[in-house]
Amino acid sequence: MTVLRKVLFALALPVVLFAGWFWLSDGSESFYSPPLRTILTAFADTWQPERLRADVAPSLLRLLAGYLLAVVIGIGLGMAVGLNRRLRAVLEPVLEFFRAIPPPVLVPVIMLFAGIGDGMKVIVIVFGCVWPILLNTVEGVRATDSVVLDTARAYGVTGPARLTRVILPSASPQIAAGLRQALSIAIILMVISEMFASSNGLGFTIVQFQRSFAIPEMWSGIILLGLLGFTLSLLFRLAERRALRWYEGLRAARRRAG
Amino acid sequence: GSDKDSSGGDSTGSVDNVTVGVIPIIDVAPIYLGQSKGFFKSRNIELKLESGQGGAAIVPGVVSNQFQFGFSNVTSLMIAQTKSVPIKAVAAGVASTGAQGKDFGAVVVKGNSPIKTAKDLSGKKVSVNTLKNIGDTVTRNSVRKAGGDDKTVNFVEMPFPNMQAALEGGQIDAAWVVEPQLSSIKAAGGREVASTFVDAAPNLTVATYFTSQKLLADKPDLVKRFTEAINESLTYADAHPDEVRQILTTYTKIDDKTRAAVVLPKWPIEINKASVQTIADLGTQDGIFASAPDLSKLLP
Amino acid sequence: MTSARRGNPVLLGLAGLAGLLLIVELLPRLGLVNERFLPPTSRIVAALADEVSTAAFWRSLGDTLYAWALGLVLAVLAGVLAGLVIGSVPVLRELTASTVEFLRPIPSVALIPLAVLLYGTELGSTLLLICYAAFWQVLIQVLYGVADVDPVAEETARSFRFSSWGRVRHVLWPTALPYVFTGVRLAASVALVLAITAELVIGAPGLGKEIATAQNSDAVATMYALIVVTGALGVVINLLTRTGERRLLAWHQSVRGEVAT
Amino acid sequence: MLEVKGLRKVYSSGSREVEALRDLTFTVDNGDLVCLVGPSGCGKTTLLRCVSGLLTPTSGEVRLGGSPVTGPPPGMAVVFQEYGRSLFPWMSVRANVELPLKQKKVARARRKELVESSLDAVGLTGTADAYPWQLSGGMQQRVAIARAVAYEPETLLMDEPFAAVDAQTRADLEDLVRALWQRLKVTVLFVTHDIDEAVYLGRRVVMLSSSPTVVQDELVVDLPAERDQLHTRADPKFIELRTRVYEQIQLAKKTVQK
Amino acid sequence: MLEVKGLRKVYSSGSREVEALRDLTFTVDNGDLVCLVGPSGCGKTTLLRCVSGLLTPTSGEVRLGGSPVTGPPPGMAVVFQEYGRSLFPWMSVRANVELPLKQKKVARARRKELVESSLDAVGLTGTADAYPWQLSGGMQQRVAIARAVAYEPETLLMDEPFAAVDAQTRADLEDLVRALWQRLKVTVLFVTHDIDEAVYLGRRVVMLSSSPTVVQDELVVDLPAERDQLHTRADPKFIELRTRVYEQIQLAKKTVQK
């Protein structure tokens, strides 16, 4: 029952929106916004298993590698910066400096050091999606309850245990927000990274479609990106549910009044 | 923008606001020069130049009448034509110099590279600015002509400005570049292995100015005046290379040394139909087009 | 808390930046990278000096900042509003979750043709892209922030029969505020990134267009100079939000924890 | 009149299921002052939250003035056991006390008056501009009390409201509650774990058993309405009543151990 | 030996400046059990946090075993007044109690034993797997006590540790603390606002004045070491002592009103 309800809720709005799009675009003459009908046909034709293997799979691998690396760096650096005020004072301007530089502009510089292979693309992904994780980790760590910190200190919970058992869990709800943000940014950067020095990948394919005026195919690629994002976020949600069970319980205990 | 377009029919007396989407490279110097010389104004065209980064921005702009005209290479235009994008070329844009070793685009390698001729490019990694476009078409052609196997050439996509670093870093074996990067790579010891445009066809028309079929139907007069102005500009530019080099300072940031050294392209007013047909054939052969382009529908 | 000697944060921050400049100066000087691709700081600064002396630079900067500020304000307003509404009505939250997740990963760059189609190279295009990208950042932060409300605080509000607006204004909003600040900081730089990128690709006037021109012209030092300007903008923006945060979040653990002695 | 009928509450989160209340039935007349006592963890807080409409019971019902309680009824004030968390850390003490009044649309002048007088009454003169987290535990608890007092409720629910204050302050606050009750004729439901306090304050004392929780006993406190800390507590009647309550609670504890 | 010398603490945040402690001097011998009483807001918590090394005094110093306290000394356990916030919501009750032991590198088997026995001792058998936020206020407080008890500290600081439990449980816990103290010879500093409790528990009672806070009086409780709830509290000596403490506190309140 609840599963059914969930599925219903998850599908309701997308179905309405797609139906609306279908209806409104039907008979569209505009070259750049073709009817959804055409796009869907293109979708079926374009994203055959072979193409998925050749273009989507490598993209996904890079995406995963970049995301995981960003998670490690973001949380690690974020904890250090969040806990140490001096370090924060030193690093924040530098980090903000890099944060403001658009990845497309930075890619050439990254290419200087990382070449043009998968390494470069992974770095571009890391470079773009580490920020939400980093910022949220810093803020989450800073917001750790003072009584919790005092308790840890008083009972000699120091060193690694302090980080993993106290600070990290306490900041985890906000870190989760960052991880969630980073996921979709990672997808976006996967596309951007493949706009440079590339010859395969989902992003490359979409850009290629765009350039070769295969507009329905391009839209089908965008839809695929959306589906990809949706699927990944679903997985993320499951993981988050598990990891933050205590938090959801804590927050929902009162609301779930059954 | 749309609020500035030339509404109001063929009023020859009134001034038409025209926005043209161009790429801020040497190729479009004539239109800047023509603008400063007043060639457009004298035809009642108030010209505004917007620079975009290639077709992704310019073609939709022209189709939607955000731009009245655009600048694009012929391969992109032919791809658009095969996809029935409603556009039409109206004037020549830029053409190859036709001189081996002295063209504005070429395949280059590092000075100490074992690659001596286009034939050696087989099995090598070559960068082009856009895959499945004019760069790889003409490069494949040069390789074939030199007796190499073009199927084994490994093309990667990369913006022109990044190619020199990639070349020196050994990330690519050869680069298909145009000016000003070409001069700069050569100055740093790079070596040219193929004048690809020259190999492809004599006096190859590389790019043209184009407009939407709608504008062509609605305001034939405006298109005519624009074409005339462009042609005058092209002719003037071709005849006054020094002024061309000078006008570059206004819309590029090419430094003075390079500016003096770059090889300028040719700016004939004729679109060399035969050469375009050659590019069309080569592209069809390479599988760039879904179907063979119909040049009669694209070219004026 | 780190009770270490404090150190002046401004000086420390400047020291950090100076370190970065030094590294960039040394990398090419020591031959670790070719200085034609990454010129030393001194040359970048020289190019920067050339740039700032031109009127065109300031006009571009103005254009970029205008697009950035306008886009950011719109995105933040929309994000906060939507976040508070969706976050405080569970049904809405469930209904929209899948759509939000679907739309979020669509890259702004993929929307460029659409933007150009609608607005050409005018401000509208850039704004559309900025808003699209920055909106999600704020929205997600607000959603998480709203979910963070202390149940006891919420029950207090309910027991005193706060109006819906009262609950949003006095309970949800302050709780979400730290998250919102992070969201705004994220959105501010994303907006800047998008402003530059849009100008870069579409060619709308602004710093991005200048960067594109410099790139196309092989003017490496100038390009880096412009990048430095972009980065500096980021630093300044962060400074501003941090100041705002210190004022508005004085009550919050993250700020009060650092004031307390 | 407040009626609690067959109230049952089971908390179930994940695998853990706790029957906090098994079957509670009792009534509180309008203008009555009823004290609730019972062992720690027996469900007093749960009961109060059901009565205040913040928690939906598993079965049974709560009626106030004849109509069932589904959400917080108007004119009700609650002092939560977690006083610290029920104060808004982003507001000064004054704003915390004033906000419910604003929501009730009390005029500004009257609001000011109410805030001042209630803060005075709990002995917090001069701290109106401090933030809650700048106050000691007992002071925070008194702010929560002041907030309820200033609200001038018709029904007042208090959950161990004097747990964090010293003996002397506690006595003062007890007298404050009685005075308020007599002056405004509020209906008061007062949870305490101090038996003397229950007898001293209440007109009736309801004793809960340990869980599974039912009403163990009820007791009418037939002490004179005018009470004072010195004489009432020395009254033999008082001693007798508190002994009875004490015995019942001992009994409650024993029953469960079987 | 614990020595507090000329301790002064001024909180200054923004414009607000509060002199929580003016000048405190007293000593606690090793293995002594000292109760601290004083009006709400007089600085008891502040004092405890200075003693535990969690807060740096404005002037004066705290010495433990001869060396100045600059951070939490090893072998010290603290029960915080904000019991709810001092439990880690992301850990089960068991993990909360066990974590400090892990940090102390107690062997696994012994740890298990300590956790079980301490939870039993506070009457929380069977709740080890619950999360803190699934417990009632009193139960949470008892978890915090169990954590301190399981830690087997040399110094035990408790800040109103029984505020949220019912009378009967409180009596049991009082006996638990005395038993622990006698068995392990811990030094205990115990803050309470219940005068009877202070006299019943302590070997000495230190009374603080209201702020500006100084030591108002000290009292040696010369009751026999073997105490029990029924007889000790009925002892005339006990009554006399508690009256003395009561009077002193009344006095403290009065002084301030002048």
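So that you can tell them apart, the chains are marked A, B, C, D and E in the order they are listed, and the count of residues begins at 1 in each.
In this text, contacts are C-beta pairs under 8 Å (C-beta built on N, C-alpha and C of every residue); 3 or more make two chains touch, one makes a residue touch a chain.
Please read all numbers here as calculations on a predicted model, not as lab measurements.
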item: Neighbouring chains shared between chain A and chain B, ordered by label; value: C
item: Highest-count interface - the chain pair sharing the most C-beta contacts; value: A-C
item: Cα-centroid distance, chain C relative to chain E, in whole angstrom; value: 48
item: Computed distance of Cα centres, chain C from chain B, in Å; value: 36
item: Centre distance in Å when chain A and chain C are each reduced to the mean of their C-alpha atoms; value: 17
item: Set of chain E residues in contact with two or more other chains; value: 11, 13, 82, 85, 134
item: Per-residue multi-chain contacts in chain C, two or more chains; value: 37, 113-114, 117, 155, 200-201, 215, 252, 256
item: Junction residues of chain B, two or more chains touched; value: 56, 60, 63-64, 159, 161, 165
item: Of chain E, residues touching chain D in the complex; value: 11, 13, 16, 18, 37-41, 43-45, 81-82, 84-85, 123, 129-130, 134-139, 142, 160, 163-170, 193-195, 246, 249-250, 253
item: Of chain C, residues touching chain A in the complex; value: 1-2, 4, 6-7, 9, 12-17, 19-20, 33, 37-38, 91, 94-99, 101-110, 113-114, 117, 133, 136-137, 140-141, 144-145, 147-149, 151, 154-155, 178-179, 181-182, 185-186, 189, 192-194, 196-197, 200-201, 208, 211, 215, 223, 227, 230-235, 237-238, 252-254, 257-258
item: List of chain B residues in touch with chain C within their complex; value: 1-2, 19, 21, 23-25, 50-53, 56-57, 60-61, 63-64, 66-67, 159-161, 164-165, 168, 180-181, 184, 188, 251-255, 258
item: Residue ranges of chain A in contact with chain E within the complex; value: 145, 147-148, 150-151, 153-158, 161, 165-166, 169-170, 172, 246-247, 249-250, 253
item: Contact set on chain D toward chain C in their complex; value: 49, 52, 54, 71-72, 74, 76-78, 80, 82, 85-86, 88-91, 99-100, 102-104, 131, 133, 151
